[in-house]
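Note that chain A is present in both complexes that follow, paired respectively with chain B and with chain C.
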Partner chain A sequence: MTDHQSVSAPRRRARGERFPTLRRAWRYGHTKAGLVLLVLVVLMAVVGPAIAPHSPTEFVGRPFAPPGQGALLGTDSLGHDVWTRVLYGGRTVLWTSIAATVIGMVLGTTLGLYAGFVRGAVDGLISRSLDVVLAFPQLVLVLLFVSMLGSHLWLIVLLSGVAIAPGVARVSRGMTMDLATRDFVRSAELLGLGRTRLLFGEVLPGLTSPLLVEATMRLMWSIGLIAGVSFLGFGVQAPAADWGLMINENRNGFSLQPWAVLAPVTMLGLLASGSGLVAEGLSRALALVSSAEMNP
Partner chain B sequence: MAVVTRDAAPRVHWLVRRLLASLAVLFVVSLVVFAATQALPSDPAEAILGRDATPERVAALRDQLNLDRSLPSQYVSWLGGILQGDLGESLTRRAPFADALVSRFSNSFVLFAVASLIAVPLSLVFGVLGATRRDSWGDRVGVTVSLLLSAVPEFVIGVLLTLLLATTVFHIFTPVALVPEGESILKHPEAMALPVLTLVLAVVPYLNRLVRAAMTDTLGADYVQMARLKGISESQIARRHALPNTLIPVVQASALVMAYLFSGVLVVEFLFRYPGLGTMLADAVANRDLPVIQAVTLVYAASIVLLNLSADVLTIWLSPRLRTGDVR
Partner chain C sequence: MTTSLVRVSDLSIDLPLSGSEVVQEVSFTVAEGEILGVVGESGSGKTSIGLALLGFARDGARLAAGSVSIDGVNLLALPQERLRELRGATVAYVAQDPGTALNPALRLGDQLGELIRAHDPGRTRLEAAARLGQMMDEVGLPTDPAFLRRFPHQVSGGQQQRVCIAMAFLMDPRVVVLDEPTTGLDVVTQARVLALVRRMCTEHAVAAIYISHDLAVVAAIADRVVVLYAGEVVESGPRATVLQAPRHPYSRALLRAVPDLEHRRHLESIPGGAPAPGRRPGGCSFHPRCPLADDRCVSTPPRLLELDDAHQVRCHHADRTAGVAVAPPVLPDLSTRQSAAPALSVSGLAIAYANQVVLSDIGFEVSSGECLAIVGESGSGKTTLSRTIAGLVTPGAGTMTLNGQPLPAGVRRRSQDARRAVQYVFQNPYASLNPRKSILDILTQPLRVLRSLGREEARHEAERALARVGLSTELLRRYPAELSGGERQRVAIARAVACRPSLLICDEVTSALDVSAQAAVVELLRQLVDELGLSLIFVTHDLALVRALAERTAVLQAGRIVEIGQTASLISDPQHDYARSLIGASPSLTPSYADPDSHSYPKEAP
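Our next item is the complex of A and B:
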């Protein structure tokens, strides 16, 4: 799982042999299975609302009615169609967790590159600040500010990004320290390249593959984090349909109508497993490619 | 920096520095927690009271929260109170909540401890078995199951377990913990069954994979090859030679994993209405109970800092080379 953190980043190769990690990863069953799951869930979330038989807020029967009679998966705590709400409920968690991952990756990578390259006092300051963020459990950090500023999706996305960033920064900092001593970075430095161009033009490309692994893993975690916030009732607000919220709304009817909980739980499980499987395929490929580069 | 001496001074020196760093982190954490309340868009008293905001009640609450004083003075009296064990009053109950916090914390601690006591030995066994029988049929199944279990959010595991064991398929456990406020969870062990089981299923996959990876590394090391060449049996090598060295990276990594899992524990507590810190925080957020939110957040942060500190101390204690003073 964490193999990739200990190995150094592969350098860019000649044209035609680029993205060796991606090519290698595709050969693993994990990657294929994960991508299939991700595509299915994304497709369902995107196309779902168009093929839904009802409106997500339409009352189609009595509360917690079992499957049948016009409701494929029965009805929820208010008598809405569960199948319809499952079809509608994926969009928010998808875009918010992707957005949070992007924010966390950009923030973390920038901080890590800078800290690892500059070192010294700046590195110390950045690293200690990250320690402070890491002292909060991610969910607690989100809840602390959400309780003050209200359940805004942008706020949850931003905070989840901030909560993700320190982990990413640690990984990219370590790899930057390693890369910064290599000849190609040294010579670029001697050529008088500016620090920004040096970091983003020379060092960053060497980190692409490990960061890709990191991103898929962070995506998996932010799905859990953001769905968790919704499940607690502080994310998407009723009557909107959302997988995390649906579990919360319908858990009192567990024994009466398990489908109202089982369906959104399954979707969240498939989404998270999909990204987990892709992360595993990528990190195995990365470990192989890197060790091959170190001992050609 | 790497001075190898046999006396205890470097260790003590290192420990003191490490302690000071932890305290510094906690100090900044307290600033952040305090600053968060300043992020309230309007007057905190009015924001908390909402529709119930009569001028008298706003004035009373402003007084209770010391809102009329300067910010530094508010911070000092808040932190000073907490350090003396005076957490103030819960806004929803209009009563001190320090006792409730202690009881909730010990319930959460018991949950975490019981789950760890089951999960850590299990992970060691599975991890070592996986590493010594690498790429066997059993290892492949184990790796895939671990991968899927660690990918799905903890509450997903919890919900599925509830459906399986409490409500729909079998009816072995109660789905929701019913523990009177303030009573110890130890008097209601049946309420712990599902939360503990969920956490074990969430923790074992992580730790098991850490142990397996570290053990695989160690089994490939030169001194293990040497032991093999000397004709020592594989099980002896695994237990006596490889396992002790495997523990060092595992301790560090598990501290990180555990800290990450705190979020998952919070949601699992809420799912089962387990009377712990997580449920307390979720309820306080729902009611905008500021003093409770701040105190619980601080307790969480302090626990994580303490967890990391103990992992560092344990690492030093486990590695003979570091124990002699080469700790930088």
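Our next item is the complex of A and C:
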């Protein structure tokens, strides 16, 4: 038995794939289960309104009617169909939490990159300012500004993004501090590239995997945050359907008609645990891949 | 020689999970007072064998078959508790990196004392202290209690390794395993540590196993040598026989890749790379890289043949290598050709941080088509100097001129053309290539920025550059992690050369490579200098390499050039004391240097 290939290619085991973390993560059950949940919930929120049996504001029966009689999950506090409102109520929380995550990721990553690369006084200034934001509980921070500036959806999205940014910035700052000392960054510096190109062209690609983990985790948090804001009545306003708001509207009738509360709670739970599971799968894969990269 | 104290027979180590063999049927013996050198490339199984002498297998590995006997007791048959008693007392281990072998949170005295308490709890505190003092004295460390109260980071690397050696000999072991204990050390420190190891092994009459990838180091210390390839012993015998008249093609090829301090020779690299466990070919595992291989080598694994004088070789063609000279022919030394104007001239360069002088009054010139080597120990400022010329470090004073034009300090102040004309290759190819970029992106980026080439032109140039450094253009689609260290360093050189520089700066570019890849890189650099007429600044701590590559050499000590001149005359007749000690300390395969007793070194200053 001979194996001529082995001589020319003894290092194939360390294949430098484009996205090693993603490939690795896909092998975990966590990631697959999380993605299935996410796809289900997103699909429901997107096509739900098209298949809903009623209008979300149509009165189909008496308030807090139990399931049956044309209402699959019964009716809510005003006599709307709960199933219809569940189908309608996911869109807002979905796009707002995704938008908030994107804002937080972009803001946090950029600040962290600069702080970690420049160091010194700029780093001190950025890091301490972020600590101030971090000192507020996220919900309190959002409510503070919403109560001052009024309840606008864009404001809630923006504030949730700002609330997320410090955590992201810490991750990106720490990684940047490590990567910025590597010789490949020096090598790009020798080309005369400016700081922005060094940061976004050389350092940022090395951050993609940890940032991906961070993004899925932050998505989970912002779902909770935005649903919380809705529950408190600062988000989507009645009579529009929204999962967070539905919990608040129907909690008084919980003993009569638990489905009006359990259905939106379940949906939020599935959404949050879906992204949480994906985050778990990714971070496990990341730990493996980065330890392999450290010890070639 | 007395009877053998250590007897390893048919030792096999495997990885049960993947079913691949790390070490296959290795046998050797070591007598009391004898040092056995175990030589092999990374992945040859040498560290696994070292650990097996402690009855230990790494995570995921298993001591599958054979025996490791010390004084007739087979370690592999002993229960864990008995092994624990043996380790550190009967068998001691000195690890490669003393910085990680010592616990950074414990004072030196406590770490050493711990060993005495563990193995000899009956000893009183006073007796233990006396023993420690005696040991410190033996290894040439200060005996005062203040030294023992220090933490590992408060002493130098050489002193750390001395502490590790003291720790190994503390409990009067019968066997000591040394796993590349001098790899991280400077040449001068390395020579002192080697002399210490040699003396300690002789005085304590231990059986020592010295593991190394560096043939010159093994030549300086071992009585007998075992050469490992792909987990098998391919050759073993007395030092002089194995290192001067080896019979296995692998040992011979390895020796031909080692630079010679005494003469300039062509460095020959071994084609291909050493196979990893689980990917070893059938038949003779060296056959794909062997010049003598025929059908028999492919089909039948050779047995270990007993030649004369306890010399064993695992080769079907051992008879064909008898009496054939190993060393490549001696070449005339390089000397500076008459050149009109210097390409680079540096004068009055100085850098100081706070109170520490890093470089002071550095001045030299390099002509085009000439290689200047800058030699010095770590901390001598050689990397700072090369980075200053490259523009990564801004000096406090001094001027630089490139091709008659002033070369501003700091890359940001240089013109695009000046940035193109000075190219830099980093020490560690594992860090200098962005792991997230394909080789194509890595190679074309400088071309697009510095030579303003379009996408297609840059790709074309990248292909030419890869061909120039002897790599296939297939690599363009790959990522750095898929390449071996030698290939990565050649990509880094291709990246620099594609810019058509007039000055190429190479900072210790071979220190992360094994000896065969080093030979290939050095020969490539010499070829580039000759063919392209560029100037090369080659920074290194290895004087033997300098002889193969550089016309002139500058010796740097504590930020000053203490000697500069033609390489051949500087090595054969150094004027400055420091240059002399550096050359004296360089390990060499040549017999006059190989005799470990012919040189003695002063004790290291505390």
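The rule is simple: the second predicted complex is superposed on the first by the 280 of 296 C-alpha atoms of A that agree within 3 Å, B and C clash if a C-alpha of one lies under 4 Å from a C-alpha of the other, contacts with A are read in each partner's own complex, and residues count from 1 in each chain.
By definition in this document, contacts are C-beta pairs under 8 Å (C-beta built on N, C-alpha and C of every residue); 3 or more make two chains touch, one makes a residue touch a chain.
Since the model is a prediction, treat every value here as computed from it, not as a measurement.
When chain B and chain C are set side by side, the one touching more residues of chain A is B.
Touch criterion met: A:Glu189 reaches chain C, while chain B stays clear of it. Using the contact criterion defined above for the overlaid structures, shared-chain residue A:Ser273 touches chain B, although it does not reach chain C. Touch criterion not met for A:Gly116: it reaches neither chain B nor chain C. Legend: residue contacts after superposition of the two complexes on their common chain; A:Pro210 is shown touching neither chain B nor chain C.
Judged by the touch definition given at the top, the superposed model places A:Gly90 against neither chain B nor chain C. Using the contact criterion defined above for the overlaid structures, shared-chain residue A:Pro56 touches neither chain B nor chain C, since it reaches no partner. Of the two partner chains placed by superposition, only chain B is touched by A:Phe136; chain C is not.
Using the contact criterion defined above for the overlaid structures, shared-chain residue A:Ala227 touches chain B, although it does not reach chain C. Shared contact residues of chain A with chain B and chain C: 1-3. Looking at the complex, you find that chain A touches chain B at residues 1-3, 30, 128, 131-132, 134-140, 143-150, 220-221, 223-225, 227-228, 231-234, 247, 251, 254-255, 258, 261-262, 265, 268-269, 272-273, 275-277, 280. By the touch criterion given at the top, residues 21, 24-26, 28-29, 32-33, 36-37, 39-41, 147-148, 150-156, 159-160, 162-163, 166-168, 175, 206, 209-210, 213, 253, 259-260, 262-264, 266-267, 270-271, 281-282, 284-286, 288, 293, 296-297, 300-301, 304-305 of chain B touch chain A in their complex. Within the complex formed with chain A, the residues of chain C that make contact are 43, 272-276, 279-283, 288-289, 298, 390-392, 411-412, 414, 416, 419, 423-424, 426-428, 430-437, 445-446, 449-450, 478-484, 495. Considering their complex, residues 1-4, 6-8, 10-18, 182-184, 186-193, 202, 205-206, 208, 293, 296 of chain A touch chain C.
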